[in-house]
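As written, the chains take the letters A, B, C, D, E and F, and residue 1 is the first residue of each chain.
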Amino acid sequence: MNSHELHRELAPKILNFFVITISTSRYEKMIKKEPVVDESGDAIKQEIITAGHKILGYDLVPDNKIKILKAFLNAVDNENVDVIVSTGGTGYSPSDTTVETLRKIFDREVEGFSDVFRMLSYNDPKVKSAAYLTKASAGIINSKVIYLLPGSPSAVTLAMKELIIPEVSHLVYIVRSK
Amino acid sequence: MNSHELHRELAPKILNFFVITISTSRYEKMIKKEPVVDESGDAIKQEIITAGHKILGYDLVPDNKIKILKAFLNAVDNENVDVIVSTGGTGYSPSDTTVETLRKIFDREVEGFSDVFRMLSYNDPKVKSAAYLTKASAGIINSKVIYLLPGSPSAVTLAMKELIIPEVSHLVYIVRSK
Amino acid sequence: MNSHELHRELAPKILNFFVITISTSRYEKMIKKEPVVDESGDAIKQEIITAGHKILGYDLVPDNKIKILKAFLNAVDNENVDVIVSTGGTGYSPSDTTVETLRKIFDREVEGFSDVFRMLSYNDPKVKSAAYLTKASAGIINSKVIYLLPGSPSAVTLAMKELIIPEVSHLVYIVRSK
Amino acid sequence: MNSHELHRELAPKILNFFVITISTSRYEKMIKKEPVVDESGDAIKQEIITAGHKILGYDLVPDNKIKILKAFLNAVDNENVDVIVSTGGTGYSPSDTTVETLRKIFDREVEGFSDVFRMLSYNDPKVKSAAYLTKASAGIINSKVIYLLPGSPSAVTLAMKELIIPEVSHLVYIVRSK
Amino acid sequence: MNSHELHRELAPKILNFFVITISTSRYEKMIKKEPVVDESGDAIKQEIITAGHKILGYDLVPDNKIKILKAFLNAVDNENVDVIVSTGGTGYSPSDTTVETLRKIFDREVEGFSDVFRMLSYNDPKVKSAAYLTKASAGIINSKVIYLLPGSPSAVTLAMKELIIPEVSHLVYIVRSK
Amino acid sequence: MNSHELHRELAPKILNFFVITISTSRYEKMIKKEPVVDESGDAIKQEIITAGHKILGYDLVPDNKIKILKAFLNAVDNENVDVIVSTGGTGYSPSDTTVETLRKIFDREVEGFSDVFRMLSYNDPKVKSAAYLTKASAGIINSKVIYLLPGSPSAVTLAMKELIIPEVSHLVYIVRSK
């Protein structure tokens, strides 16, 4: 058994997730009490449930630095939350600020998440070279693990299935070790 | 149609490029009025033309921070320029300063370009592990897209064919959106 | 012959390595005069010898910012040392600080080493998605090349065989050029 | 009339302030429902009222990065708030993190506030050379002005009387101009 | 004779200055061929002449990152220029970007200029507490000394008379030493 | 009694100092076994003794990044050392790198030391405007306090008498508190 295998063995098996969708258009619909379809948020929740973890909360905020920070800080400040996963705001349109905003308050960035995710995305024939247009990332605040995923449902599903679900317990275990 | 496909559909089809070669040896030949062969600059231009885009200008500068900045700023300050592509100065010799110099004035770095380019380079059997010796990058200034490519003709052709031509209209569309 | 092939041709053939193991548990055994097994340090030394290079020195330090800096600075200050390779402290446990500590004193980081190493690690079926949990890196101080590898023997062997031995002479040649 | 005098003339005369006290000991008393004396918070409020401005809200938080950020973000997110003034956490004890925490989310730091405040503090014979032990600062988020003052009542009064009340309308006017 | 006195003795006595005024309103007048009154630019020139130095050039640019960089880079790239002094863009209105823009390309910032200038400004009874609203600075690029002064004529005159003229030869001497 | 007065009361009365002189010319004399006069190092030692503190060690190093780091790290790694004071390398000649080098490894910079020291220097009629040419600083590593003073004996004496001796016990007390 190598150390990765050992850590996976020792890590907590059931984790509490908080899901945050960052989307100005959906937020405005919510404010107007119109029906909101959040395919990517739903995809994240689906993968959490399928893996046997729990969903502790959900928030929907616009692409606004202050609202984004408040949503993440509320989740971080909830002592039962282990993991936060967001969708949206990771691209290069001027309104995309999720990664830049969170990076400022990460205790540590999981700097390898971004390039490994792009490598997998590149191998998806529907994404291919567009893979370099995302800056999806991950980081740690107060021993909680945070994943910042793109807004598209297929990107979210790829990240959850191939990178987050397989390693999240492992990573929570590591960041809480001494 | 996913969002990448939609953006490609909506993006401007013909773009105006500015090409900059950064090479002290070629610059010195030019100053001495000796004939200059710029295989990598020519390869960039060839790919631009083949893709149906236009070349608005070309500059040749030495590996000198001030001269490099002036060349890029002149191109950025030309309101008709959409995209700037440079070749040279992206390695680890002490004279290589293109990426460090431009990074300081990027409004935003397209941080995923570098690793996706290295992944493709690694798969070229003539490059293989030497892929980790480049820091080719991309960035945005004033809604213009800038690509900083290595000095070798094969690297330039790989980047143009596999990453730049397929996504540049898409990226210009995104950075100009709201 | 392309420029990578030419540089490999011109580069110094035999280099002097310094090996540093960063491991609190092994350091404490050493302090207590208990026998220390350092499988990863040994794996690095094995690859250096196999490739025909030389080992100039070895140090074992705990996961402590000051002790780590002192070990690397002693090696850097030895004018006969060409290359320093360390193992340990590159993950996300709170005690892992090797990369953050060295980054502060690198003249330049070889920023592509990290993602290319993760790409290769991802392809190892025993590592797979755990690849994104390392921040192994490389950098340059005073024209000496430094590699910061993870603590596991298999990671160390992968990095040495596939990335370091094939390019280290090339990189030393480049950083000493003008 | 010089431009400083003109700006003071044109600036809004009555501003809405939010006051935040950062003090672990007082926060713990509040949590235990014990009486809390907050002499510095009171001194800030007194100077605001005396100057004819209004107090829109008040919060008391411990020296905790997440709680501090939440308090400031709530105040920033209140569209009626013009100015935020805090007291506490600006020194060099390990628990003092107010300035480091806020700096990360300032759009801009008012970088001259700190040294001018130290100059005035040095001239207070009770402070003298201890002036160099504070990093009181000021900054801007979303066109709101934020002052981070030390925890001592005399420091707070000095800053309010000599630096904040005389210029705050002026500064609000400037940061909202085009 | 202390070392400051010795350096002043050894330093070059006559220096070549380049003056840059950063003012959108004046730039727009110039573009429209209307008469432009530049009281602060004139005050800088007057002090240069009075001190026996020479004026090698002058430029007038708007509060625009690209235009500001181009103006300074042209002056830096002129091998006869020893010192560059600008006026304007050092405050906290959103259009003020001179210091942030130049800082990115300084080889080194003369970090003490800013606070010493604010200390002197505070002692001017017309400025007093407004002193903390400027971020006037100085820096070095390619062994040339650059001063970034506020837009008001009185601030410019204070800086020239009390800080720049007395030390500029000294500083040029130091930055060119080994 | 205000909090500054209380802290001074509670702080340790006798501290162990380590003195480091950074001077290439003196280092070269020492290497050649020529007599070395170190007026500034002596002035620091004199003030330490006069104040009733102790000198635990002394080192003399050239203006060389690696040698400077090694000297400070050795002193920091000595568990009996409370305070480190250096002289030299704080100006703007290309060889002056003390502050830039130490800043990289400070846990925290005492950011107000620099401007308060310049304010006092300005009031010395032999220094006056040359005060803005120093970047003397202070910082904290592993709960030890470090002061980086200029190379001139009069600057060193001013800093020791007016800023360091009066507050150093106070500051040591603060950085070791919780």
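Please note the rule applied: contacts are C-beta pairs under 8 Å (C-beta built on N, C-alpha and C of every residue); 3 or more make two chains touch, one makes a residue touch a chain.
Here's who's who by UniProt: A, B, C, D, E, F = Molybdenum cofactor biosynthesis protein.
Not measured: the values here are computed from a predicted model.
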Shared chain contacts [chain C and chain D, defined touch]: A, F
Interface sides of chain B and chain C: same vs different residues, half threshold: different
Pair joined by the larger number of C-beta contacts - A-B, C-F: A-B
Cα superposition of chain A on its sequence copy chain D - rotation in ° rounded to nearest 5: 180
Between chain E and chain F, centroid-to-centroid distance (C-alpha), Å: 31
Chain centre separation (chain B, chain E; CA means) in Å: 34
Contacts with 2+ other chains: residues of chain B: 115, 119
Topology of the chain contact graph, where touching chains are joined (line, ring, star, complete, other): other
Contact pairs between chains, per stated definition: A-B, A-C, A-D, B-C, B-E, C-F, D-E, D-F, E-F
Interfacial residue positions of chain D with respect to chain E in the complex: 2-5, 108, 110-113, 115-117, 119, 138, 140, 162-163, 166-167, 170-171, 174-175, 177-178
Chain A contact footprint on chain D (complex, rising order): 65-67, 69-70, 73-74, 76-77, 104-105, 141-142
Chain F-facing residues of chain D, complex: 91-95, 114-115, 118-119, 122, 126-135, 151-152, 154
